[in-house]
Each structure stands twice: as structure tokens, then as C-alpha cells.
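So that you can tell them apart, the chains are marked A, B and C in the order they are listed, and the count of residues begins at 1 in each.
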Amino acid sequence: MTQPFAPHGEITVSTRGQGLYEITSDVAARLPKRDGVLTLFVRHTSCSLLIQENADPDVQRDLLAWLQRFVPPATDPSFTYLRHTLEGPDDMPAHIKASVLPVSLSIPVLRGRMTLGTWQGIYLFEHRDAPHFRRIAAQFVSSTAD
Amino acid sequence: MTQPFAPHGEITVSTRGQGLYEITSDVAARLPKRDGVLTLFVRHTSCSLLIQENADPDVQRDLLAWLQRFVPPATDPSFTYLRHTLEGPDDMPAHIKASVLPVSLSIPVLRGRMTLGTWQGIYLFEHRDAPHFRRIAAQFVSSTAD
Amino acid sequence: MTQPFAPHGEITVSTRGQGLYEITSDVAARLPKRDGVLTLFVRHTSCSLLIQENADPDVQRDLLAWLQRFVPPATDPSFTYLRHTLEGPDDMPAHIKASVLPVSLSIPVLRGRMTLGTWQGIYLFEHRDAPHFRRIAAQFVSSTAD
């Protein structure tokens, strides 16, 4: 996990059910000391990337609680029209959540540091119940001649 | 459609009503054989880009069914407050959908191949009922010296 | 506000409550006369970036009206489960809105002009009620040798 993106790399996350898994420091540790843009891209269709507040953990808890009500499990009475249900009641809702939340993020980098605001953290947002091994492609593009 | 992005290009899609139109192979065929990041940007405010599962077509069907319930036509009783209704009952809902789903995607590219996951396809998501001609700007930025 | 991104810069917006604040011309005026990709990244977790129609102001009005109903204030009866409520009834809903709408945008640039469609404008979407000073990081990455 400590080798720099040069300029490509991968961040992996082992998830243990729905929720937010912070990857900010994993990403920050691997940036080259240059100016440019970091692209993060999650290679799955049932989880997301997200930038949100990393100060009060209640923000993450409330966000998850809201998302689970916004897109409930497929067993919810509102979801009788769903057909893709063989992979479990959390699967099609996960695809829906992954459509509404980001699959890719583009973050400016100055002298090797992301221009994140004071309270911004980067998260892998898992939408499935079972543990999953998630892969995030990272690519750094320089905005200056070396 | 077969000329490489060098580094700019355009993908066009003729749509026939609301739904997902896959463009993965059109995009893949035009990538230069280099490392970098591909940016896709849809030049409209009533359709979207989306990366979602391209294995079971029921996922796309369920996603469209969900989106049509999430943001119903302007004739829905819940929408009495809308003012932008002159362009038809599908127009303002299309703007809302286009605000919630992606207008741009950033995809890492390694030796000319996108780092898509096994089940990920790239789609133009049309939110209007009538046929439309949609234009997607594509720009490749190299992450290595040539 | 008139110095070019070279290649980094910042757009700032002083907001006066919830709504859309157009920044298209501020951004356009600062692009270098080259080909590349512009990344915009908002350094906050309670406002968003958005590309939407800038022709009929009713589109922006309707979009705000819809968003305020989609994610109502924390005092709404549907929100009894929220815990992050100390910063006011508009704060946790602002975090939710900022999760669903874009934090970053990637826009292709040709000879110094963004490839925006005819009706596309770029907005800072403020989700808080009180005035805020918002910072958007901008980074231009060239796709051609100079």
C-alpha cells in the first residue's frame, strides 16, 4: 500500500457490510510530489466513491441511514417491480445506489498534496451486505513538465 | 466512429426514448495505445452518462423503472409546483435526473485499455421520450511522456 | 478573478442561501488557449458543483424546489433518525445533497474553450441557508505538447 502511484496504482478495500470506509490517508501517502490531477475510479457496480465530512462520525452514520431508506432492500413493498433479484435483496438496490453516487473522482494535487477542504475525507461506500474485496484504480496525470 | 481520439473526439448516439444505450465498445475502439485518463462529457442537460452492469439486461430495466418512479413525469400529482413545463411532461424531470446522474466520467487507461471492472459497461442514459441526437465529448490525457 | 489558471487556480463564490450560483464565465475567462481537460473540485461537504441549463431560470428554480422536497430540513417528521443535528436543520440535509450531486467535474477544453453544449452552464449549488464563502479548486491538464 505504500508504493507511490507511478503514475498508476490501485487501492484495495476489504469491506464488511454496508457503510463508509475511509481511504484518504492511503491515497495521500502514494501521491508523487508534483502538480496534477488524481483520478480515482471504482471498478465495481455495487459500491461507490464518496467525498464527505470526516470530522463527526454521525455524519457518516446519518448518511448511511438516509441511503438505506432512500433505496430500501428489494423486499420492500415499493419494489415489487424489480426483476434482478436472484443475487439477494441488497443487490439491485446496490446497483441503484452505485448509479446515484460517484464511480469516479477527480482531485487536483499541488506539490503532492490533494486540495481537499479541511473536513473532506475520501471514502469507499459499500452497498452490499456481505464482505467484498473492492478495487479502486488510481491514475495521476501531471499538469507540469517534470 | 473508428478514428482514434487524437487526443480529442466525439461519440454520438441516436436515442429512441428513455433508456440506457451502451457505448463501451465505441469508446474502447478509439483509445490510443498509451497510459492516461479518458474524460467523457455529455453536452446536454436532459441525458446522462452512467457506468453500470452490462451482464444481466434486467439491471438496466430495473434501473430505468426505478428512475421513472423516483422522478415521475411532470403530470404527477407530486409535481404541481413545477414551472418549466412548456417543453413537455418529460422535460423538467429529465433535467432533474441529469442533475443526479453523471455529466462527466474519468476513466484510467493502461496501454490503451480502460481499467473497467469485469461487469462494467459505459452508457448514455436518455431521459427524454422523443428521439434525440446526443453528443459526448471525449478527451484523452496521457500520463506518460511519449 | 481574471488571472489564467496556470495551470492551477481557484474560483470563489460568496453565497446567500440555498440556490444555484453560475460561474461559467468566471471559469471560461481563465482557461489557457490550449487543448486539455479542466478539473473543478469543490472543497466543501455541504455544497455541490452542477452543470445544468442556463437558458430558462425556471429550470434552476424547479431544481431547487425539487431538491428541497427530496431532502427536506432535519425538522421534517421523516428525519427523526438523524443524529448530526447540532449545526442546524439545514446541515445534515446539506451533507446528503452534497453526496448525491457532484463534488468534481471534468470538462474537455479545445483551444481554450470548454466543450459545453449550447444550454450548459456551470454552477455552485449552495445547500446551506446562511451565507458562505465557497472555494473551488481548478486545475488544467494539457493534452498536447506545448
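Definition applied: a contact is a pair of C-beta atoms (placed from the backbone, for glycine too) under 8 Å apart; a residue touches a chain by one contact, two chains touch by 3 or more.
The structure displayed is predicted, hence computed values, not measured ones.
Participant: Can you tell me, using the touch rule above, whether these chains form a line, ring, star, complete graph or other shape?
Facilitator: Drawn as a graph, the chains make a fully connected set, so complete.
Participant: How far, in degrees, do you have to turn chain B to put its CA atoms on top of chain C, rounded to the nearest 5?
Facilitator: Between chain B and chain C the superposing rotation measures out at 120 degrees.
Participant: Looking only at residue numbers at the chain A/chain C interface, is the share used by both copies over half or under half? Answer same or different.
Facilitator: different
Participant: Nearest whole angstrom, what separates the Cα centre of chain A from the Cα centre of chain C?
Facilitator: So the centroids are 20 Å from each other.
Participant: Can you pull out the residues of chain B that are in contact with at least two other chains?
Facilitator: Residue numbers touching two or more other chains: 37, 100, 102, 105-106, 141-142.
Participant: Tell me, which parts of chain C touch chain A in their complex?
Facilitator: It is residues 7-8, 37, 39, 41, 43-45, 71, 81-84, 92, 95-96, 98-100, 102-106, 135, 137-142 of chain C that touch chain A.
Participant: In the complex formed with chain A, which residues of chain B make contact?
Facilitator: It comes out as residues 35-37, 50-53, 56, 58-59, 61-63, 65-66, 100-102, 105-110, 115-117, 119-120, 141-145.
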